[in-house]
Every structure is written in structure tokens, then in C-alpha cells.
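For reference, the structures are reproduced in the following blocks.
Shared chain: chain A. Partners: chain B in the first complex, chain C in the second.
So, the complex of A and B:
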């Protein structure tokens, strides 16, 4: 009973929040709504028994990613409304909805047709979710885990290199054009 | 009782919201927000399928998707700030340099 109530509450709240993100004109409203939606999504993970993933979702998305967006928004003019001119509205909406439905059908058809057996069973007596995640992550998914670590390192270096000021002076030769006032 | 179908339908709704955002938005920052929505919708689907089949692989894949999303934000936002410094706007139409 509580599961049903929680599911519908979280789903309505998430859809409203993401609707605000997509349709709002103000960038700050969109960012705050996105942070709220991320936290409600972590509610689904707790409902599904994936406590570790729920905590990771809160820490990474509403902590790190939103802080990054907030830092990035300091560079942009966020008080002004976002101006967008859109052509072909009806074609756009119908195309996107049709393609989403198609993707869902493609993805869910094999699940319902075939008998899927679990490779790494999630429920073992006396072992919690976090312990199971650790066991599977460091045995079967060890190489992807290390690759993800290297990927995060590379992205961190590239983020520092792209934004930091001293690097910007000799990054490309486009800055040379900018000094002369010729912006391409 | 909540079944797998409920979660898959929710995931589809969130995915279509994100897809509408990707096609509708002309501001690059808002486009990044919409990609976050897409990734989260997929995450919900993965974890739900994993839960209803008693399998941990769904959670693992959701975990790696979160890692990919974090690194994508770091690189993409860096590039976006460089582009804003160069042109003074984050509009998608300013990228349209070749008059094709």
C-alpha cells in the first residue's frame, strides 16, 4: 500500500519537475527543478531496494552535477529570459513522441518475450544491498570500474584545462582574432 | 501493486519529456539539462528491470551511466564556457557558421 502511494507521489512530482525543466524560460528555475527531480528519482531507487544507487544519485547529481551547473551559470547571464525561436512545432512534438514510443517498444519487447534469468542474484540471505553491490562490482565489473575511474580522471583534467584562465591565453589561435575584434 | 510495467511506462514518459526538451530547446545549457533527464529516465528503467528479475546488473549499469553523466558534464560545461567567452551567447544557432 505504501509502495503504491510512494510510487504515484514520486512519479507525479518527478514528471512535474522535469516538465518545468523542459518548458521553463528562466535558466535558474530550470536548474532548481532539475535538482528537485534528481532527488525524487533517488526516491524510486530506494523504493526498488537499491539503497546504494539512491545515495550515489543524491551525492553525484544533486551534489556534484548541480554544483558544476551553478558554477557554470555564473559565467552566463541567467537573469534574462532564454529566447528561443522554434520552427515546425507540430512536426517536432509528434516526431519526438513517436520516436520515444518506438524506443520503448524496441527495448521492452525482448524482455516480455524471452525468459530472462538473473546472472547476479540480488537477494542472498543476510547480505545487504551495499555488500552485494560491492561483491558484484569488484568481481564481475572490475575492468569497467577501473575504466570509469580513468574516464573521470581524464574528464577532470580536461575540465580544468578548458576553463582555467592561464591555459586560455595560449589555448588556440582564436584568441588572437578576438583581440582584433574579429569574432568568427 | 506496482509492477514492472508501471516503472517502464514512467521511464518512457520521462524519456519522452527529455526528448521533447532536446528537440525543443535552442539554448545549449538547457540542452544539457534535457540530456540529464534522458539519462535519468534510462536509469530508472534499468534499476526497475533489475529489481523485478532479481538481478544486480541493472544497478551496475545505472552506476556506470551516472559516472558517464558526471564526466560528460565536466567536459561539456568546459567547452560551453569557452564558447560563451568566444561568442557571448549560448544559443545553438550561433554554432551555425556555414551557410548551408
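So, the complex of A and C:
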């Protein structure tokens, strides 16, 4: 009973939130609604008994990803409405409708044919879902996991390289030199 | 059966909300008194005995003050932002076991709202979602100081989140569980089995990160009056500002509980002192430490803070994990 109530509450809230994200013209509204929607999605994980994934959803998406988006948005004036500049409305609408239908078909086909089952059901008794995630990650999916880690490392190093081109020169010093140059 | 659990949870939630909100309000008075005595002043004295009723006076002032919303602010977000701070702080407490189990009229009560087996991760994650309060407040105020303050607060929370997560990893590796109840039971054998002895480095790092995550001095960059007025809270008045305040104090209490349970033996009884009293002593001592540091230390600059976080604390935390791993193997 309570699970049903909770499920419908979370579904309605999530749909409203993501609706705001898509339809709102104000970047600040869209951003806050996206963050809220991410948190509501974690409710589904808790309902399904996957507490670990639910918390990871909160930490990763709401805690880290959205905060970085918000940081990027601090450089713009988020209080004004965004003027959208769309030239080919028909192409845009048909493409978005086709992709939406495709995603729905891809996601619902296995459920419709009742062909969905977990590849690695937790066969061991008394093992929580953190331990199961760990077991599967470090046995079956070890190589993709490590590859993802290496990719993250590469992107981190390249990010540092891009930023640190003129790290040895202080920004304020630079301004000082430029001023001097103008005077001379 | 179902209804019994629902009613029990609702009662626990109401108790936690009212008691912690009361404690948070009381902590403001304690803070003013402690700071005053450390600076050889008297602090609030006029309202009630030793100024205890100053709390009520402050509360009345906050509730009856005119509520001003700036003309050019993004109004809905501006109004939602202060609510996020206490909501996240109190939600995080849902997974904190406050006291040991006790029995009332033959009914065993576990003083934790929801015993999920990823307790510590939940508390840290939800508390970190509380950074949306300063973030949205700063972005919706359309005020330069608010925006700068929000940027500072958020970057501070995000950076020290890394340190506190890595610091907690080492003791969790030893215990092998994320549940706060398991963590508490691991240290059941008296003072010698407290994790602070086997993980002193993790304890120190977590306490420093705790100061940063609750925006306390020496890391209270938002209260640099000389630089950014009052940070993200510049445009707020009355109870909207009060909500940020309640959130901050609730977070302080959560961090004190986390440190006591993780490193200082939690609510295990010691000698003849029962467990509930033990944890209250630890929490009070820790909150006093928060106030003591505020009285004794100056602010740090934002660049010094970032330098401390990324160049000193994070490598130390990684080293700590490495050494713990080697010792465990």
C-alpha cells in the first residue's frame, strides 16, 4: 500500500520536475528542477531496495554533476529568459518525437515480452547490495570498470594540462606588467 | 503491523525534529555565552536568568520581522532556497542512531528513524545536497556579494566532501560495513577499541573537513564581512535568514554525532556511565570544540583553504588509505 503511494508520488513529482526542465525558458528554474528531479529519482531506488544505488544517485548526480553545472551557470545572467533561436522547427520536432518513441520502445520491449531478468541475481544469502555490487564489479565487469577509471584519469590530466599553461605566472602580476607596458 | 511501523516512524520523526531544532536554538545561546566568556565579556544577560530567554526574544524578532524579497530576484527560487538547508540537515539525521536500544512498556525502541545498511553514505550524501541552499540563494538574489559568497561556499563544500569521504574510507575498510550501528558495535570493547586510536589521521582529517562542511571558523568564508558582506545570505531577512541558521546548527549536531559514532565509541556504555549519557557528553564536548575554535582562530583566506584541502589534506587521506590497506592485508 505505502509502496504504491510512494511510487506514484515520486513518479508525479519526477515528471513535473523534468517537465519544468524541458519547458521552462529560465535557466535557473530548469537547473533547480533538474537537481530536484535527480533527488526524486533516487526515491525509486530506495523503493526497490537498492539503497546503495539510491545514495549514489544523490551523491553523484545531485551532489557533484549538478553543482558543477550550476558553477558553469554562474558566468551567465540566469535571471533573464533564454531566447531560443530555432530555424528548422519541423526537423527539430520530428527528430525529437522519433527519438522519444525509439527510447520508449527500446525500454519497454523487454518488459512487454516478460523477458527481463537479472543476469546476476544475489544467490548468496545474507549479502547486502553493496557487497553484491562489489562482487559483480570486480569479477564480471572488472575490465570495463578499470577502463572507465583510466579514462577518468586521462581526462583529469588533460584538464589540468589545459588549465595550467601559464601557471607559473601570477594573474595579478600579469595585469601589473600590462599596465606598465601601456604607460611606457 | 504496517500501521504500527508508520506510527512509530512518525513519532520518532517528530521527536527528532523538535528536539534537534530546540538543541540548535539553545546552541546559539551557548555559543554567545561561551564566546563572551572567552573574550572576557558577559554575553546576553538582561533577558531572563543569565540571558536564557534571549532565545525566545530572538525567535520573536525573527518571526515578526518584515519579510523582504528583492525586486529583481528570481522569486520562487529565492523563497525555496532557505528551506533546503534545514530540510537536508534534518533528512540526513534519518539514518543516525542517536541512542542505544531501550525498552518502554515491553516494546523495544531503536532510536533511529530508518536503519538502512548504507547509513554513513546516506548521511554524508544528503548533507552534501544541502549545498543547494547557498547555491540557489546566491544565484537567485541577483547580487554580486551573494553570488561570490555562494561560489565560495559551494566550492568549499565540494572540495572538503572529497577529504571527508576519503578520510572515512580507511575506518570503513577496517569495519567492513557502512551501517552506523555496525560501526558503533565494532567499538564495543571499551576505550581501547575506539577507532580514534587505530585511525588518528582519519579522525583529524574528518574533524577538519567537518569544520569546513558546516561553514565554521576557521573556514567560514561566507562570513567575511569585510569582503562579501554576508555572502549568500546578504539579501535575506527575518525567518528566511533564520532557516539558514537552523540548518547550520543542525549540521553541526549531525557532524558531532558522526564523529562520536565513527571514532569515539558512539553510544557504548563506559564503566558505570550508560551509553546515552556517554554520547551526550561526547556531543557536548564536540560542540564546545566548535565554539572554542571559533573564539581562538582567525579566518583563512579562500586560496589558503583550497591549498590546504587539495595539497595537504587530500594526499594525507590517500596515504592513510594506502597504509591502512597494507596493514589490513
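Everything below uses one rule, namely that the second predicted complex is superposed on the first by the 125 of 184 C-alpha atoms of A that agree within 3 Å, B and C clash if a C-alpha of one lies under 4 Å from a C-alpha of the other, contacts with A are read in each partner's own complex, and residues count from 1 in each chain.
We take it that a contact is a pair of C-beta atoms (placed from the backbone, for glycine too) under 8 Å apart; a residue touches a chain by one contact, two chains touch by 3 or more.
Treat the numbers as computed from the prediction; the structure is a model and nothing was measured.
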May I ask you to decide whether A:39 touches chain B, chain C, both, or neither, giving the answer as first, second, both or neither? second
So, A:101: does it touch chain B (first), chain C (second), both, or neither? first
Which partner does A:73 reach: the first (chain B), the second (chain C), both, or neither? both
Pick one for A:52: touches chain B only (first), chain C only (second), both, or neither. both
Once chain A of both complexes is superposed, is A:109 in touch with chain B (first), chain C (second), both, or neither? neither
Is A:130 contacted by the first partner chain B, the second partner chain C, both or neither? second
Larger contact residue set on chain A - chain B or chain C: B
On the A-aligned overlay, A:92 touches which partner chain: chain B = first, chain C = second, or both, or neither? first
Taking the superposition on A as described, I'd like to know which of chain B and chain C A:64 touches: first, second, both or neither. both
By the touch definition at the top of the document, which applies to A:28: first (chain B), second (chain C), both, or neither? second
Return the residues of chain A at which the contacts from chain B and from chain C coincide. 52, 64, 71, 73
Which residues of chain A touch chain B in the complex? 3-4, 7, 11, 14-15, 18-19, 21-22, 27, 30-31, 34, 37-38, 41, 44-45, 48-50, 52-53, 56-57, 60-61, 64-65, 68-69, 71-73, 75-76, 82-86, 92-93, 95-97, 99-101, 103-104, 107-108, 111, 116-123, 132-133, 136-137, 140-141, 144, 148, 151-152, 154-156, 158-159, 161-163, 168, 171, 174, 178, 183-184
In their shared complex, chain A is touched by residues of chain C numbered 2, 6, 72-74, 76-77, 80, 116-118, 121-122, 124-126, 128-129, 131-132, 135-136, 139-140, 142, 147, 150-151, 154-155, 158, 161, 178
Chain A contacts chain C in the complex at 1-2, 26, 28-29, 32, 35, 39, 46, 51-52, 55, 58-59, 62-64, 67, 70-71, 73-74, 78-79, 128, 130
Looking at the complex, which residues from chain B come into contact with chain A? 1-2, 6-8, 10-27, 29-30, 32-34, 36-37, 40, 43-45, 47-51, 53-57, 59-60, 62-64, 66-75, 77-82, 84-88, 90-91, 97
